[in-house]
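Each structure below appears as structure tokens.
Shared between the two complexes below is subunit A, which has subunit B as its partner in the first and subunit C in the second.
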Partner chain A sequence: MFTYLVRRIAIGGLTLILITFLIFGLIRNMPGTPLTLDLLDPDVDVSPERIAQLEAAYGLDKPWPLAYVHWLGNAATGDLGKSFKQKIPVAQVILDRLGPTLLLSIPSLILTYIFSIPLGLLSSARAGKLDERIQSTILYMLYSLPSFVAALFLQLYLAVRWEWFPLYGMTSNNYDEMSSLEQTWDLMWHATLPVICYTYGSLAYYSRFIRANLQEVLRQDFIRTARAKGLSPFNVMWHHAFRNTLIPLVTMIGLTLPALVSGSVIIEGVFSWPGMGRELLQSISERDYPTVMGITLVYSVLTLVSQLLADIFYAVVDPRVRIDSK
Partner chain B sequence: MSDISPEKLKHLKKSPGFWKEAWGRFRQRRLAMLALLVVALLSVVALFAPAIAGSKPVVCKYQGEIYFPCLGYYSPSFEARFLSDNFFGVYYKNLKEKDPESWAIWPLYFNDPNRPIEEGEWPTKPPTQQNEAPNTNNWFGTDDKGIDVFAQMVHGTRTALLIGFVSMGLAATIGITFGALAGYFGGWIDVLISRVIEVVMCVPTIVLILALLAVIDEATIWHMMAVIGGTGWTGIARLTRGEFLRLKAQDYISAARVLGVGHIRIMFRYLLPNALAPVLVPITFGIAAAILIESALSFLGFGPAGTPSWGKLLRAGQNHFEDWWLIFFPGLAVFSTVLAYNLIGEGLQEATDPRLRENGGE
Partner chain C sequence: MFTRLPLLLFALGLMVVQSGCPSSSEYEERKRQLEQKQAEAQNADPKASSDAGLQEFTPPPLEELVASVEWEDSRVVDPLELYREHLETKEQLATVDEALSLKNDSEEANAKIMSALGRMYESKDQVNFDDELIRHAGVEVKSTNPLMMSSTVEFDVVGMMGVGLFSFDWNMEPLALSDYVKSWKTSKDKLYDMVVLRDDMTWSDGTPITAHDIEFSFKTIMDPEIPIPAVRTGMEDMKWVEAYDDHTIVFFHKQSLATNVWNCNFPIIPKHVYETTIPEDKTMANSDRHVELESDPVVGGAYKLVKRTKSEILLERRDDWYMHDGKQVRRKPHFKRIRFQVIADPNTQRLALNRGDIHDLELQATQWVTQTNDEDFYKLNTKVRGEQWVYYFIGWNVEKPQFTDVKVRKALAYAVDYDYIMNKLLHGLWPPCTGTFHPDSWMGPTEARSPYKQDLEKAVALLEEAGWKDTDSDGIRDKEIGGKKRNFEFVLTTPNQPWRVDVCNSFANTLSRIGIKCTVSATEFTVFQEQSRDHDFDAIFGGWGTGTDPSTTANIFKTAEGRNYGQYSNKRVDELFDLAKLELDRDKRAEYYREIDEILWDEQAYCFLFYRSAFYGFNKKLRGYMFSPRGPYHYAPGFDAIWAAAK
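Then we have the complex of A and B:
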């Protein structure tokens, strides 16, 4: 077990270096630099000495493999550099944007699980009957509806036509003058539409996932035994069948961890929500290399860690995996 | 004994084979067949897009020769003759004036997906206004540049389906090749390819696609296909690798090696046909995903330059919420297409997966 862990972490570290190298090379070779926008500004001094000065400050005068090694060295000691655009440390930028993204993704995760488990159980228990078929079809259609299309429809009808919810943004204009209770309410009111967009897709997917797993478990012999013993259908479903579907379900929670933090570029863009996804998009457009590298690093580390955790969890919980992989 | 005579034995029906059986099972699912019909319909629309909606004649005879100006939407060479004769894209008047003997067959719906229609281009058709609601002249309304939305939707179908098929074809080719190589040869090739798959999977797709698109100056529809296909092959590769690892251990492969059959032949003629069935399902879902990615990219503003697309209409709609037709129709189109492909993929899965068949399935 220990050697397996060490090997996975070592390979993971290598993969991380490869990923960051690839992204660094890609964004450095994109046409345009952080200075191109400044060059167009007539107020900014664009004498050759000034440009050379700025380039040295931004690290643009070195060839990009060298600059990458420079960045890697800094990152290993915890220094992710300063954002070009906002002039504050990248770590600060990430922390600032992390809060809003988590404000959307964590309620969405909780809501998904609260609703998808009963839905999955229900559709499994009433499989084949008319109401279940209708529910399945509706969930399937929800699953196929792209999130940005749903976001636009929601904006069109709920925000513009009927004005039940705000169109975009995280807070109202008079946020600073509100009491804490009003502030909380304001945040929730603004977060409703984005959270709906985040949730409905995963809800549909998970309830189908749970249903598929439950159907496989329900075919097993021990379920037949439980029923033959005279246990109530609810008992059979909840105490005997559902627990055996938990392994894939919890593994999936682990795998969605990176998405929790990275947010959705599209939804945050549609609702002008100041989160990680939108920050990533803006940084790429502004050629803000340190921020892009910082966010990519966070995302890649989380992806690798969550995959490793999922594998370990699987091995710990399911003895068959441990024995087979010897 | 029953009536089994030697003659009857000679004429026993051949077993239909895996694919015919799977098709029979697929046909029984009404929703999947409906979805297949929808996709077939969309393919017809995409194929005949310039003949359905456009401002150029489908076929015309001009000065004694036959031309197909409608294909000018795909390549300017089809319109070269008319360019040199100073038509400037206006066909009806000029054909009549310059050659009274000419005739032309026009598209079903006269409107252009790339520009507004001007005064006098077509008798009884007024010039298109900006931001008009759906009416008899513009079935789906117009956008803020005065370009007809229905024509854009029809030509956008071609964009969506083309990107879906070609990028998925590319992804499938790359994924199956890598997966087959990794699964069959094992050893350091497997380790190397698995690392590559892991790296590409861990990179946030948005970053990769945006970076690649930014490197290219003007992203045409072909660039987008290459980029989307080049980033979407990892799932297929992993699945193919798993299938090859599983099938490699079987006896008939060892027998083939003993007989001296070469590696490439074994991979492509023995293993691949058997590994293909489970891989078709993620490929179908992948087509839906590719269409989704393309509309999302167009929606964000990174779409193919010069080609109409559903995502571009949605982007225009976001800036003008009062023009509901800019969101409703493209949104419905994207939704229906993705739903149709998902249904086909699910039908395919249930038709080919042996585990679901064992206990009668659902």
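Then we have the complex of A and C:
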């Protein structure tokens, strides 16, 4: 187990260096610099001296592999640099936005599982019947509905027509004057529409996933034995069959860890939710290199960690799998 | 396995270093080129001292200066008074109630709404001084430091907190603001501007605002070690700024130029705050104190910052701005609080306006035409439109063989399907543009030109005359250039907004009917800018806003200037720009600029297409708005005139 972990971490570290090197090279070689958009105003001085001066201030006068090595050295000591545009440390930028993104993605994840598991069980138990067919069709329709269309409709009806929910933003205008309880409620109220947009699409996917695995497990001999022993259908489904579908499900949780942090550019954009997704997109178009690299690093680390966790979970949950034998 | 790892790392390290080497020689080459350019610039133009910073200069004593120079009084104005005077000359075409019940679906309705709701108040009880105005921003404000302003959002927000001595009215005439300035004199030869400040202004921490703050701000901006992003063109034409005492300041200019007055208009920061913090941290962004100041700046304007998060900025009216020693010394700013909320998505912005979550919005053309006509919109809002001096054009890279010949450029101007583009794609809302200066401006053509109309026969005739014929019957015209046969093909680059792409596609379509192959390339905006700057294009579909003075267009049309993306070059135009820069008489300058405009039109340096009108939705409670060539906000009085009606 120990050697396995060390090996995985070492390979992970190497992969990390490769990923960050590639991304760094890509963004540095993209046309445009952090200064390009600043120079749009016709009243602004664009003399070569001025531009050279500003580029030096941004550290853009160094060749990019050298700049990468500098960045890597700093990152290894925990210094992700300062955002060019926002003049605050990149770590601060990320932390500021991580909270809002998690506020949407974690409830979404929990709700997805809370709903998909019963849906999956139900559709497996009533497989082939009319109500199950209807349920599957509705779920597929939801799955194919793009999130920005759903967001628009939710805004139009729930926020504008009936005014049940706020239209955009994370907090109300008088948030600061609220008590802690009221603040929590305010956040939840604002998060409702975005969370709905995040969740509805995955219901179809996860419930089908559970259903497919359940069908597979239900074909096994030990299920036949359980039924033969006279156990109730509910008992068979829940105590014996479902547990065995947990294995792929648990590994899925591990793999969706990066998605928790990456946020959705579209949903965050539509609802003006100050999250990570929009931040990355904006940093790229502004050529804010330190921020792009900081966010890339966070995603890469999380992806590698979650893959490792998924593998470990798998070994823990399924006694048939031994890590050392890999 | 373990032994292979360090080897792998070593190999990677080698790769990094090796790949560094060819780049580093490229880098050396580029550095050498840049140094060469700098040296050339310095030798060619001894005034280009921006690299070396401010040259030392000992100003003469004030009495000597005042006595030895011939002075003229310059305009010190209360912009709101100016606006009221202007309104007296305009007839009110409808009552307020009528205007509020109208739908803006015609020129007439627009005029009625503007004239009724654009009025100022007769008495103070018509105004709701406790109102909170909620505005929006498309992106966050990156910095609240007035020296670091670089985006429109920042100009909107930071501008409200800032103190500035000068501005310009809706005719683009410069003026000094009576809120801050007691008197302003300019020397007849335009070499000196002398301003006497009022003595009743304070920063938000109680310290008086003095001439020393202005001198300090100037020195900070001109310091080559401080990376100010948006230093204005022309600031290197300033020789010196001297604060003779707390309230008297003189601006010294290097040359006698009519444009000197614009150089005096730079942002002002408090000396007592920054004189100690800048020496430790020249980036103005790193030290703890500077970071603190970003969320709690010391401001001199009418509003102060009370809350700043990544999705919102809240400004509050400063009582100590309009009150001094217990007396009211200035007009009371109309709003108690102004909130800027970040809403990135244009559709959400529109819905927010409908709901009353925000109170003003710049509408896109499609939103104006199809999405703001129903009850949902008119329940709480109304909309108005006005002309703006922002024009769009197709810029030819005249160094490319296809576009060097004027005949070809004229042919292409005849090819554009103006009717389809302007009346169908743009809904007939954007007027045609026939040159770089608007006919209403003082330097614009005395008679409006008639724009090109589509005439494919003329286009074909000109192309044939220029030697572009389809000799190999492949449907595409060709010509022998430098011994090789070249097809008439080119790439039209545009930022990837849908309406721009539509316009370009229409053009490409028309061209294919006259034997020219045009490929439309829609790119990310930053890439578009970069390619434009590097002359890395055949033709671009771009737009320019207007600078406050026509001399700023020299940057666009003079040979080898920074914004002359298409590499257009005409000796007479260069000459005229130089003459106009040095000429002090307004009418003579206008003549020069008119000649430049004629030449640019004749030679089709650009294919001038249309002006972008400004479309705005305003909550029904708002009054006092008027359009200038730069929109409803960015001029004097601009935003300051807007007020909320009391119920």
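The working rule: the second predicted complex is superposed on the first by the 298 of 326 C-alpha atoms of A that agree within 3 Å, B and C clash if a C-alpha of one lies under 4 Å from a C-alpha of the other, contacts with A are read in each partner's own complex, and residues count from 1 in each chain.
We take it that a contact is a pair of C-beta atoms (placed from the backbone, for glycine too) under 8 Å apart; a residue touches a chain by one contact, two chains touch by 3 or more.
Small disclaimer: the values here were computed from a predicted structure and weren't measured.
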Note to self: After the overlay on subunit A, what do you see for subunit B versus subunit C, clash or fit?
What the structure shows: clash
Notebook entry, point to check: After superposition on the shared chain, which partner residues are touched by A:68: those of subunit B (first), subunit C (second), both, or neither?
Noted result: second
Check: Counting only touches as set out at the top, which of subunit B and subunit C does A:141 meet: first, second, both, neither?
Finding: first
Next item on the list: With the two complexes superposed on chain A, say which partner A:23 touches: subunit B (first), subunit C (second), both, or neither.
Entry: first
Margin query: Tell me the contact category for A:169 with respect to subunit B and subunit C: first, second, both or neither.
Written below: second
Notebook entry, point to check: Which chain, subunit B or subunit C, is in touch with more residues of subunit A?
Noted result: C
Next item on the list: Identify the partner contact of A:155: answer first if only subunit B is touched, second if only subunit C is, both if each is, neither if none is.
Entry: both
Next item on the list: Using the superposition on chain A described above, determine whether A:271 touches subunit B (first), subunit C (second), both, or neither.
Entry: second
Next item on the list: Examine A:190 and indicate which partner it touches, taking first as subunit B and second as subunit C; both and neither are also allowed.
Entry: neither
Check: Can A:240 be said to touch subunit B (first), subunit C (second), both, or neither?
Finding: neither
Next item on the list: Could you tell me if A:299 is touching subunit B, subunit C, both of them or neither one (first, second, both, neither)?
Entry: first
Next item on the list: Kindly list the residues of subunit A that each of subunit B and subunit C touches, one partner per complex.
Entry: 14, 18, 30-32, 152, 155-156, 160, 269-270
Margin query: Under the stated contact criterion, what part of subunit C meets subunit A in this complex?
Written below: 1, 5, 8-9, 12, 16-17, 19-20, 23-24, 26-27, 31, 34, 37-38, 41, 48, 50-51, 134, 139-140, 142-143, 148, 150-151, 224, 227, 229-236, 283, 285-286, 291, 294, 307, 309-312, 339, 341-345, 347-348, 351-352, 354-355, 357, 376, 524-527, 529-531, 533-534, 544-548, 552-553, 555-556, 562-563
Margin query: With touch defined as at the start, can you tell me which subunit A residues reach subunit C in the complex?
Written below: 7, 10, 14, 17-18, 21, 30-33, 35-50, 52-54, 57-58, 61-66, 68-69, 82, 85-88, 96-97, 152, 155-156, 159-160, 163, 167-171, 173, 176, 269-272, 274, 278, 282, 285-287
Notebook entry, point to check: subunit A touches which residues of subunit B in the complex?
Noted result: 195, 198-199, 201-204, 206-208, 210-212, 214-215, 217, 288, 292, 295-296, 299-300, 314, 317-318, 321-322, 324, 327, 331, 334-335, 338-339, 342-343, 359, 362
Margin query: Applying the document's contact rule, which stretches of subunit A touch subunit B when the two form their complex?
Written below: 11, 14-15, 18-19, 22-23, 26-27, 29-32, 127-128, 140-141, 143-146, 148-149, 152-153, 155-156, 160, 215, 219, 262, 265-266, 269-270, 280-281, 284, 292, 296, 299-300, 303-304
